[in-house]
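Shared between the two complexes below is subunit A, which has subunit B as its partner in the first and subunit C in the second.
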Partner chain A sequence: MSLLPPTAPPPLISVQNLSLTGHRGRGPETPIVTNVSFNVAEGEMLALIGESGSGKTSIALALTGYARQGCRISGGTLRVAGHDVLHMNARELHAFRGMTIAYIAQNAGAAFNPALPLMEQVIEPALVHHIMPRKEAVEQAIALFELMALPSPHTIGARYPHECSGGQLQRIMAAMALITEPEVVIFDEPTTALDVTTQIEVLEAFRLAMRQCGFTGVYVTHDLAIVAQMADRAVVLKNGTVQEEGSTGQILTAPTQPYTQALVAASEPHTRNHDPAPASAPLLDVRDILVGYGGTTPEGRPVHTILNQVSLPVLAGETMGIIGESGCGKSTLIRAIAGIQPWSAGSMMFEGQPLAADINLRSPQQRQHLQLVAQNADLVLNPAMTVQATLRRVLTFYGEDASDNAIRHILDMVRLPAALASRLPTQLSGGQKQRVNLARALAARPRLVLCDEITAALDTVVAAAILDLMMELKRELSLSWLFVTHDLHALRSVCDHVAVLYAGHCVEFSTITALQTAPHHPYARKLEASVPEMRPDWLDNILRQHGLKQDKSGPAPASGCSYMPRCPVAAATCALTPPPVWQAPSGAFIACHRTAQELS
Partner chain B sequence: MMLSRPLHRLLPLRQTPVLLALFWLLLAVTGPLIAPCPPGEVVSSTVFAPISSTHLLGTDYLGRDVLSRLLFGTSSTVLLCAVATVMACSAGTFLGIMAALKQGLTDTLLSRFMDGVISIPSLLSGLVAVATFGSSVPVLVLAMACIYMPGSYRTSRMLALSIVRKDFILSARMRGEKTGYLVLREILPNMTGPVLADVGLRFIYAVRLLSNLSFLGVGLQPPQTDLGSLTRENLLGLVYGAPAVIAPALTIAILTVGLNLALDGKGQRQ
Partner chain C sequence: MTARLGEAIALRVGASLVSLVFVVVAVFFITSALPGDVAEALLGQAATPDAIAALRHSLRLDQPVLLRFAGWAGGLLRGDFGTSLVSHQPVLSMVHDRLLHSLLLAGITTLFAVPAALLLGTLSAIFRNTVFDRTISLLTLCVVSVPEFLIATLAVLVFAVELHLLPALASISDIHSIGSFLAAFSMPVATLGCVIVGQMARMTRAVMVNVLSSSWVEMAMLKGVSPAFIILRHVLPNVIAPLFNVIALSLSYLLGGVVIVESVFHYPGIASLMVDSVASRDIPLVQTCAIIFCAAYLLLTTLADIVALCSSQERTRT
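For the complex of A and B:
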């Protein structure tokens, strides 16, 4: 706790006893945030940390004088840069929001108007508030694009939102927020929806902007590693109350409150998978799977390929991890294995039998032994069916014992109390829903469970508990898991084997131990280096090492390595021939033109 | 707390239309039993008599008791239309969900067929049906069921289209569930609210069509009565301001407009 010395200037943002209430439909008012107080000094970056439902976004919005539909600010005082936010009329608020405070939302893709060029939208705040003439605003915007390390800053403004990537849009949105030179900028989970490799570019850009523009910031996030990079001080929230407040270093290294300790413990990478799988025959053998769309070429290949001859053996009793950025084809691979995505070439063997591409042509036993757990538990559970009705149907369908006892046993397996059996999905929390989702798959007594990003939508602590559960079940039921994720920490902590996918190619396939040792495929190395670490100097080190890079991108060569346009060690041959697959001394299979010595 | 809130929210919304529908059904069943006179008996020498203590709603063009005839008429209108609506909506909803589920050729064939049926004005189809098969209770009910099935089909297909994309349908399909189970157990429970509102609307349409047909003289034939034929046979009484013509017309209005308003109110409050 840092007490301000008596001579210090008054804080730029001062929140005293803030309370927010809200109600659903015509229901009674319930508190969202109670009695929250904090100060932010000028030029400081404060992190609001908490899981979903902790009220962190509501507080951030309240700073702009806004409460979401059905919510209202019920008490307390809010002073931002000399303005009393709660006692401003509509005109004052209008000026305040554009010029004094700016807000960067989580999903920039949804925040832009798809029908207007980006430049129009970026300079709009400056024009609306009559801060500068149009010509000056455009120049200012281009300067900000350069600061944000956007590719071709002079022409990118003419593009439409769909012509830019998610990471670029997020940076353009930051430029839009900064164009009026606000005193306070609120970042609301700006990188949560991005891949790690993109996230690091956005974080680097934010870091530089902070240094150059010198604004005061509030950074809302659930990711402690990002807090370590971006914030000076942090406020930990739970259920709308402050749990702990302190400097970032103290919160991350010496948390005093039990909740903060749990949060820090869940964020630290640790190995859950203590007993490696015994070597055995592959349970599922995927060979040269080719998936594409858009008709076929004369050679019989699809015009656009999503998965290009991916091979993958999954051993009995092991956890196989698949990692890659969004669009790399990892979900398509899972769907192909699950029998809901037709493939045009290749084959699959499951339990020694060929696996048909169409789920309807598979044997009932194959269907039962191969279960899919989808990412979004909200969509997977029928909202009109209770937990026990869902489970009972699976049990009766496969001819298993469907008594109340059997259902209680399955709920027990996923560590849920039996009292939950009569609840509807809407009456469950996110973590409970994901457990029921797992229970639904386990009720079929599967041999292999396909998990598609099952922890992506969950809070850190809840996700850690689900990963723990996965490993316990693996031991108890000798299950195999195929675990698809973009989270390298989660992958490392549970998997035996790892496949790194890039643009539909398997660029590296190795055991989890081989993943710790060089050499690596350049993309695997980039992926590894992009995962934020809890060390506060991590981002600075990276910036110091290679400065701020512009995105390297371009069309992938028609034949040759698809990673070539982004590859730091690309050579001329990379554009011409597909990379050969060779085995490194560590046992990893790597698809690259470079040799092991060159990559180490 | 968690349980009481949704119930507390749902009950007042569901009550009004449901209570209204129950009231009309009850009247339809008990009406003929509580009628003071037999519907066909001439009980007074005065035609188009005004409201009096012996004949609460006066007498009609032959001197029969209007209240008794109105109770019988309401009964046949409500029951006939209710049966037709239930038939139309159960077939329409089932086919609609199935089309959304199967997609492809099934969906195309069903949808084009339904589009064809819906493109003919309902009164015209009704007249053609009566002209072809003669006017009898089964013909009228079946004609109304066929005329209102496509509307119900379209509504439920649209509702089901958003549900079949959800993952729980995918997982049920991956399990290998039959179409019947998917339609009735997985999809239908998730769209009961809008489907029930649609049933109410179809019922109102059916009442209107049956009354129109009867008013034109091709609906229910004497000695059977319904609200439409009661209005038509006493049309002369309009000149005398007789309750014999006003009462059945007013009943049609109260039945349709009342139910419509109740359903609208439900939609708004959601």
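For the complex of A and C:
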């Protein structure tokens, strides 16, 4: 495999039998990565694919000769651009890092020093390696900001990290990596923490930089659709070992290993919701909910609005999906329904009865029938309580049968073996914890379960299994789900109805079938177009269609459509009056000044 | 930008002044509620009821408490802290020398303790979880847990009684040379230093570890920035505010909390003056000392807050 044809140039990166070990606290050393070998030719982009814990980030960091606290490079050879990385002293490593190899971290918000202006940090690699004087470095940085299509490239460097958005920071970090014109650039999940609409802007910028600067790259990700856009070849990792290596096309279309096949299958969008809910009376009816913070104005409205008169009905036995980018108010809506977020106007009806804003004023039956499943099971499950203690607590609280049998039955519902009942949360995997988190809600025998991004923190395969479980439970228990997500694939695969939230407004409300046909609200369309597809020419097509555009953003008009600053079809009226809600022929309700014909 | 900073500092100083007013009120009423009567204490066991009543009248102790407070607070506003009930001298002149002595001791201790603590804490944080870190951690823990009278007494026992290297008492009246200066101050300073270095080093380590394990320090390393440069350029601006709080808390101890050290070495500082005045029920002196301690504490914490405001002001523009 590693034998190259004699005519081929030597690889720029050569990793042979790399092993990494680590330990937790004073625990014994355990292997993180064993015997990993791969080569990357000059000008090539290699993807390291794997789920959390597969060791992909550790390998990427090892390429720079760095291991995190508690980790150690325990064996193998690493050659990067002619350097023997594992046999360099500290001085040589400092000269190597940032000069020959540059790193783009996952969370740009955390990777910038909060106390220094961005320009200082961007030109720092050029200054510490003495490759150009300060003035020239600043000019170079501004040129890179322009290349990255950042707004106001001449002044953005004077800002501090908290004054920029996540997508901007990610592009600024790319500029920081490229300022020394390194031979190798490592991308460590650079878009995982971003919304899809932002991700596409960042991917476009990366793609342009790749063309312009011509570096060799290693792209770490778990998202196969991004691999299809960015990489030439891919290495699939699981538990620190290489499962499969090949060209991107082969890995994505004809995987040979079972693990890769499972990954590809889990990434394919498909419908899980095979029996749509029958038309029925609303189980939960949310009417004109208004939530805000920062005190109230003289007119009795909150100073800052999070949710602006959102209404939506959830029918009995259906899955209602809510989608939107971070900050659109979707979690706030869930919290308001759950009774832990007060609202200032509007009303809710649940099972035909009014639902109080404060959970303490709700009837025991309402509290039992309305359950919340939070995003992060690690934060929700009490680390000192076993699984059965957690479930028994719910059962006794609602006066249900709390016998071992009942607990076994609940675990069975979420497809967990009864043997797990005596385990502590720390002894469970991420997927198992999320199932216990679901079981905790199901133990109350709810009618409606609120799910706040429950698959966001999970790996693709595990998340797919949780979605499957949701649909099985919906069928078996005739439950209703309110499913909040930013993942359009997940939404499509499980939901009956969909509400699209933007800046606290419900801009589109439709059935899942109507979501497939035009017309759409411009934001819903943008959301749809931003989800990466497995087609390798997807990103190129988008780039060809509109070229690289600068961010469109700006303050939303005080009265008028909040999407107007970003809207491609905005008109003068959009800034003045709130958009009317009209029903499209497909049945979808859309809040927009444009007509159905104009949006089709 | 600077106007906002000025406003924030003014607010902070204003809040401290309001706190000081509360402190003054609290000090007065708590000291008036103390058990025991200065007239009885002054006249001793042979006092007749008539003599006590006469003395109480001359000391205005028979007046209602609010009236006495008004008189006392009025005096404070004019800079008159009253007259000692025992020595009949103005309180301010009695406090003056003692305060200077205390400030001298605190100043010398600060000069040694703060750099030592910051260095130890920072080194422990850089080499965290190594043998060096564990050793420092163990040592500082030991020093923090041993009561200071034990350290002071042991020091006297070893260096003064057994080795005859240093005088047991810190007599600062006859300092004429560097040698006598060292002889007088080395043991008190070392004892106080032990107590605050241990505490400051541990807190510094916690602050530094928190910052050093952040993603942006890792990013700076991956950019090829050298460790010394990372500490100076990246870490320092982020730890100034918390470190000044750590220092302020430790230093406030040096004025008020040093009673034991002053007693053991017979050092004529303000803390021992307060202890003496409590014993003799010399209320005006007790009140003045208490106000000085509280004011010093407020001053230090306010300074730390102002440093924090200045260090973040660049970033908080909108």
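Methods note: the second predicted complex is superposed on the first by the 596 of 600 C-alpha atoms of A that agree within 3 Å, B and C clash if a C-alpha of one lies under 4 Å from a C-alpha of the other, contacts with A are read in each partner's own complex, and residues count from 1 in each chain.
Note that a residue touches a chain if its C-beta (ideal position, glycine included) is under 8 Å from a C-beta of that chain, and two chains touch if they have at least 3 such contacts.
Keep in mind the model is a prediction, meaning the values are calculated, not measured.
Peer 1: Taking subunit A as the common reference for superposition, should the pair subunit B and subunit C be classed as clashing or as fitting?
Peer 2: Once both complexes are aligned on subunit A, subunit B and subunit C fit side by side.
Peer 1: Quick one: is A:376 in contact with subunit B, with subunit C, with both, or with neither? Answer first, second, both or neither.
Peer 2: After superposing on A, A:376 lies in contact with subunit B but is clear of subunit C.
Peer 1: Between the C-alpha centres of subunit B and subunit C, what angle is subtended at subunit A's, in steps of 10°?
Peer 2: Placing subunit A at the corner, the angle measures out to 30 degrees.
Peer 1: Determine, under the contact definition given at the top, whether A:110 touches first (subunit B), second (subunit C), both, or neither.
Peer 2: second
Peer 1: Output check: A:359 vs subunit B and subunit C. Expected answer is one of first, second, both, neither. What do you get?
Peer 2: first
Peer 1: What is the contact status of A:367 with respect to subunit B (first) and subunit C (second): first, second, both, or neither?
Peer 2: first
Peer 1: One more residue to check, A:427. First (subunit B), second (subunit C), both or neither?
Peer 2: Touch status of A:427: first partner only.
Peer 1: Pick out the closest CA atoms of subunit B and subunit C after fitting on chain A and give their distance in Å.
Peer 2: Superposed model gives a least subunit B-subunit C C-alpha distance of 6 Å.
Peer 1: What residues on subunit A touch subunit B, complex-wise?
Peer 2: Per the stated touch rule, the residues are 24-27, 338-340, 359-360, 364, 367, 372, 374, 376, 379-385, 393-394, 397, 426-427, 440, 444.
Peer 1: If you look only at subunit B, which of its residues touch subunit A in the complex?
Peer 2: It comes out as residues 2-3, 5-6, 8-9, 166-168, 170-171, 173-177, 185-186, 189-190.
Peer 1: Spell out the residues on subunit C that touch subunit A in their complex, using ranges where they run on.
Peer 2: 128-129, 213-216, 218-226, 229, 233-234, 237-238, 311-312, 314-315
Peer 1: For the complex, give me every residue of subunit A touching subunit C.
Peer 2: Going by the criterion above, the answer is residues 61, 64, 66, 68-69, 93-99, 102-103, 105, 107, 110-116, 124-125, 128-129, 160, 162, 176.
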